[in-house]
Amino acid sequence: MNTTMKSWLPPLALLALAVVLYFALPYNLAFLTRILIMAVLVLSLDLVLGFAGIATLGQAAFYGAGAYAAGLFAIHVWADPVAGLLVAGLAGAALAFVSGLIVLRTHGLTLIMLTIAVASICHEIANKARDVTGGADGLRGIRMEPVLGLWQFDFIGKTGFWYALTVLAVVFVLLTLIARSPFGLSLRGIHESPERMTAIGVSVYWRRVTAYTLGGGIAGLAGALSAQVTQLVSLESFSFTLSAEALIMLILGGTGRLYGAVLGTLVFMWVHHWAAANDPFNWLFVIGGLVLAVVFFLPRGIIAIPTALKRLGGRHAGT
Amino acid sequence: MTDPVLTLSGVTAGYGPTHVLKGIDLTLARGEPVSVIGRNGAGKTTLLNTIMGLTKMHGGAITLGTRDITALPPFRRNAAGIGLVPQTRDIFKSLTVEENLLAAQSGDATLDEAYALFPRLKERRRNGGGQLSGGEQQMLAIARTLMTGPDLLLLDEPLEGLAPVICDQLMQVFDDIAATGTRTVVLVEQHAEAALTFARRALLMAGGTIVHDGPAAALRGSDLLERHIGVALHS
Amino acid sequence: ADTIKVGVVAPYSGPFAIYGKQFQEAIETYVAQHGTTAGEHEIEFIYKDVGGPNPDQARSLAQELLIRDQVDYLAGFTFTPNALAIAPLIEQSQTPTVIFNAATSSINRESDFYLRTSYTLWQVSAPLAEWAYDQGMRSVAITVTDYGPGIDAENAFKAAFEAKGGEVVDTIRMPLSTTDFTPFIQRVRDAAPDAVFTFLPGGPPTFTYTKTFNENGLAEAGITFLGTAETEEVNLQGLGDAAIGLTTAYHYSGAHESEANDAFKAKLTELFPDAVANWASVGAYDGTHLIYQMVAAAGSDGPAAVEAALGLEWESPRGPVTMDPETRTVVQNVYIREVERDAETGLLINAEKGVIATVGDLGWDK
Amino acid sequence: MTLLLNILVDGIAYGMILFMIAVGLSVTMGLMRVVNLAHGGFALLGGTFAHWLGSDLGWPFWLALPLAVLGTVALSMPLERLIYRRVYGFTDLQQVLATIGLTFLMIASVNLWQGSSLLTVPLPEGLKASVDLGFRTLPVHRLVVIAFGAAVVVGLWLLLDRTRFGIRLRAAVDNRGTASAHGINTDRIFMLAFALGAGLAALGGVLGAEILPIDAYYPLRYMVLFLIVVAVGGMGSIPGSLLAALGLGLLETATRYLVPDYATIAFFALVIALLTVRPNGLMGKIA
Amino acid sequence: MQGLEVRGLTKRFGGLTVSEDIDFDLVPGDRKALIGPNGAGKSTFSNLVTGILRPSAGTIRFDGMDIGRLSEAQRVKRGIAKTFQITTLFRDLTVRENLALTILERQGRGYQMLRRAGRHADTGAEVAALIDQFKLEALADTRVADLAYGQQRLVELAMTLALKPRVLILDEPAAGVPSSETHLIIDAIEALPPELAVLIIEHDMDLVFRVARQIIVLVQGRILTEGTPQEIATNAQVRELYLGGHGHD
């Protein structure tokens, strides 16, 4: 019981932080909402990479699929946000499943290349299908109905914020449950030793396809949030940069622990925001330095800072 | 005959921040066959790795002959005459058998000598190192180290996974090397029987220290063996 | 007598940072020439980095500018999706928004608060087609980069050229990721048209395309190069001799001879010695002028400001322009230029060879 | 028929450029097993030096080229010492991150020094000319790249397969500790190999600049392209890289001649198909 | 027929024939050992039976059914399990988690996502029983990576038994275990359920002669001879090719 409570502490603290930020920065709700949406995407990557050990640089494929699915659904079928969310989740999952069937037959660099290729093909298809997607100009004309029929998306972005925060919280709880379930344990097992996993009768391939599909679904949710809040979907939602940045955020925070993903997103986006406001021209120096510093001094990510500090403290006490 | 070839004084060492060896003092004489025995985790491998320069030393000094080698990287120690057959074999997987041998070759060691010792390797010489069977890898590991022409040969459980006949042959080879009187052989062996038969001097390790250092014969029948590794050998 | 704030959303980091830099330099040049007051108001600019084509970011920046910084005007916008993403915001907050660059006609249909001081692809491509026909070119191949702007350019050129009675022998849409253009250029060569019309994004593709065009001897084979922004001034020197003789139709040439242009360039290089005036800087410069006029006329009253802007005429460094009341894109001259080496400076320039006067946004009804 | 010849000629010429640029990556990433996303960064450095020497200082191309390569090599060595030496021991993902970080720093530095516009390298007259192939012409610089590419293939093959250096490098990559224990100076070997990779990157960057022009964002723009060549070729196989580069060059050229509208989709679809059938690349060793 | 039935099994790597025309049976209750010189093809044989390698020719039947085309995981599901020559465990998980994971998978619960892994009473009971059987109580919540090698070998064996296999292949179970601790392994093997069919591959002759009732000698991919420990120990050819001075007299 005690350990259960302890393990819920970091996420609850993050939730509290989100609420505090909401009141502390009422003028930056749009920015905060983007962080929340990105956090959902990075969480999906944590499932795929942190838990299942699938190194991918193409997570944006499912984000984009979700975004376009939600956008098109809202325009042509029904502008209800929650319904759109579900449709987007399914779209992301479906694409992940189909591409996963091929991609997950491979490993290492080949796998990374294939994930990039899948995202590139999606990008190209969305570009080609201008009549449906709006091509490079973006998919416009998304007008959402109120969330659950109650809360209209507003100018300041209050509804958007709470909506995204709710989705993030639900995804977080879901992933926490999965992490502790037999399925989650088996993903850790695959991460540790695929050979042993096979030797206990598990088809590593199908297990990975399942994880990849789930991850695709969650990335789809993130895409849907972005489409619904921004009311526009652009080709950039399939971009390599998005996949790469999500990866950086995840590793920055620390893989395998869900709150690491959220923390990494928060820190990265915040630093970016700060740098963009102060010296955008040299932003790359900041991010490059930050990334290098993390790999060299905090290889397990920001979530390892407390342990690192403890170790430092302990050493001092010792001498 | 008895001039010291290698001296360890107050050596503490380990992997990263951990200390595995805790204050080792040891002198090896030229031409002396020595056995090291001890339980799993006693620190035998760590001792050999430390002599080779593969672990992190936290304190103490190592001298080879009159030369202080404490700060030398492994390849310089190898050049100075130390050779190690690692417990994990560590075959270069992406090299062929022959390339494995060539990579280590120095001085006047030749491929023919290695193949004469292990004809099996000659048959498989174009094979990738990673494709060898367990025992073949062990043979290659030994042959490869011999290619560097070491004066101080450190053998970490070299008989593991080898067919009994090959074990016999190999022990004969080690005996021959030791018998030259100029080369020193240190043998780590789990099988106390084989170890004590081979060496004149035996080191018994436990918990990162040397708990006994003396003539091999004295260990037979002593309760030290029983206490530290849980077997009794009878002479 | 209050301070009017203008939020400028543009890329200041990443591969497109040059746009943001040019916008800012042009704005500061205008301010240096005209002071910080318009009418009875002080004007202040706030710059925000959007990084690249990123509608989420554009929208959140615009929101931040409108809500926290309380800006009364928005400006900038290099990419169409970024501009489109803020349409609901400016509609709701009634904020006049001056587009310095994004060149898709239909943006302005999304809100009455959009005003554009750049151009649209129809505006320059269609006149070029007509001019080409008038020069006696009867067959043309079209090669455009396969994305929104490229396809706009293709449609515009094709429609205008065929309306005149010319023949488009081949249209090729080249992938955005193309690095080696030889296959397309060989295809054009084999088709042997009178000219090839092309549209490429700035930077590396333009460089390789023009190189390849020359190396494969298309010019010798009598195929005229027709383009738009390909020879813009910032990268022009980089194209080298390969650029000489390329024909383009565009609304601004750095070599335009007029007092306004000379004054603009002089001030610009005085403030920023390395700066090169091009379409992006002139778009921002004129946009700033438009904002000053609106502020002077209406202060922070958005609808009134837009009202004041419609039909406004002024002498821009590019020549005379008018803010079209219907399309809210400037009506302007389109110049036919040819790249030459300037005898005095030894630099490559876009020498104006002809002018098609006062062209509006021809893409508005498409 | 002419179409086929065109595809062949252009495909091979383009493929050789791809090879020249990716072969350095094949050395660092395939052979030394560092996921070196900063490879394009070294090509950028080479290109920037060449631009500076050739364009800013006005030195002749044939002087600027070797100096640019040497400059990059000289810069790569301290970088190897300070950064890469620790990166070797990292996990794949950490390597990705570290080398991306390094790439950002390189881009930012070039951006600060030379700005973000095109950094062209002026070619000598001789290279600008075209040769007549009968049915069409081909620029001389492409022929030069083909010649350089062939020389690099042979040279690298001899170096890596036939010399003690090659064997020892591969041994050191397999297991550094064991290699060192067998008398191999792994630090020096790694530094030399790394410098070789960086030098090849610079050489490829300058020679390929006619097709992949240099600007500050070069490393990010073409990173995926380089990685695809190495992945398709098979990690660590120099002949594999050559085969992949030529194959991909032909493939891309063919799709551009035949189905220009769908060239990108066709290209990636074929790459996916190929990598699914041969997950270790054309000539990859079993992982 | 119950158990494993191998006929004419052949495996070639390029031009090299590593297994040649092997006939082999393993029925419930068997305790067979496979010995032979290094490179004779013992590990290859084990890999063929467990499905890691595909045979070049020959058939493998299990309970009368051809399993030659099944994947490794599918064969495990049918009851063919093996230990690894080099310990292969989930190093970052505790002993308990290692076992629980194995049992959950065998119970087909691997796709459960919302229920906690620890909340299955029957799984927990089975884990506890195994821990008890191998006397691992003190180490149950230790990460496997922190165990001594001999102990890891025991966990390896426990993991394999957790699969409730019907055929068990042990590839050098005592490798890396000092002679002082091989008795742990021998005890564990002797305590295996009697109806299990067991094949041991091992170079430690003490162990082989203690636990095997039937020994098969493989030389250059072919079966040289087969017999009781006594017969093998006294076989002159085997002594010359393999045993040297180590046979039990």
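Letters A, B, C, D and E mark the chains as written, and numbering starts fresh at 1 in each.
Assume a residue touches a chain if its C-beta (ideal position, glycine included) is under 8 Å from a C-beta of that chain, and two chains touch if they have at least 3 such contacts.
Keep in mind that what you see is a predicted model, and the values were worked out from it rather than measured.
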Hopping along touching chains only, can you work out the least number of steps from chain B to chain D? 1
Work out which chains are contact partners of both chain B and chain E. none
For chain C, the least number of touch steps when starting out from chain B: 2
Find the geometric centre of each of chain C and chain E from their Cα atoms only, then give the gap between the two centres in Å, rounded to an integer. 73
Could you please state the distance in Å, as a whole number, between where the Cα atoms of chain A are centred and where those of chain D are centred? 32
So, in whole Å, the Cα centroid of chain C is separated from that of chain D by 36
For chain A and chain E, what's the span in angstrom between their mean Cα positions? 43
Find every residue in chain D that makes contact with two or more other chains and list them. 111, 261, 264
Interchain pairs in contact, sorted by label: A-C, A-D, A-E, B-D, B-E, C-D
Could you pull out which chain B residues touch chain E in their complex? 39-41, 120, 124, 131-136, 138-139, 157, 160-169, 190-193, 229-231
Spell out the part of chain A that touches chain E in their complex, as residue ranges. 177-178, 180-186, 188-189, 192-193, 195-196, 198-204, 207, 210
Interfacial residue positions of chain C with respect to chain D in the complex: 14-15, 17-18, 146, 172-180, 182-184, 186-187, 189-190, 203-204, 207-208, 211, 215-217, 234-235, 238, 240, 274
Tell me, which parts of chain E touch chain B in their complex? 13, 36-43, 85, 148-150, 172, 175-181, 203, 205, 240-246
Under the definition above, what is the set of chain A residues touching chain C in their complex? 27-31, 33-34, 37, 124, 127-128, 130, 135-138, 140, 155-157, 226, 229-236, 241, 275-277, 280-281, 283-284
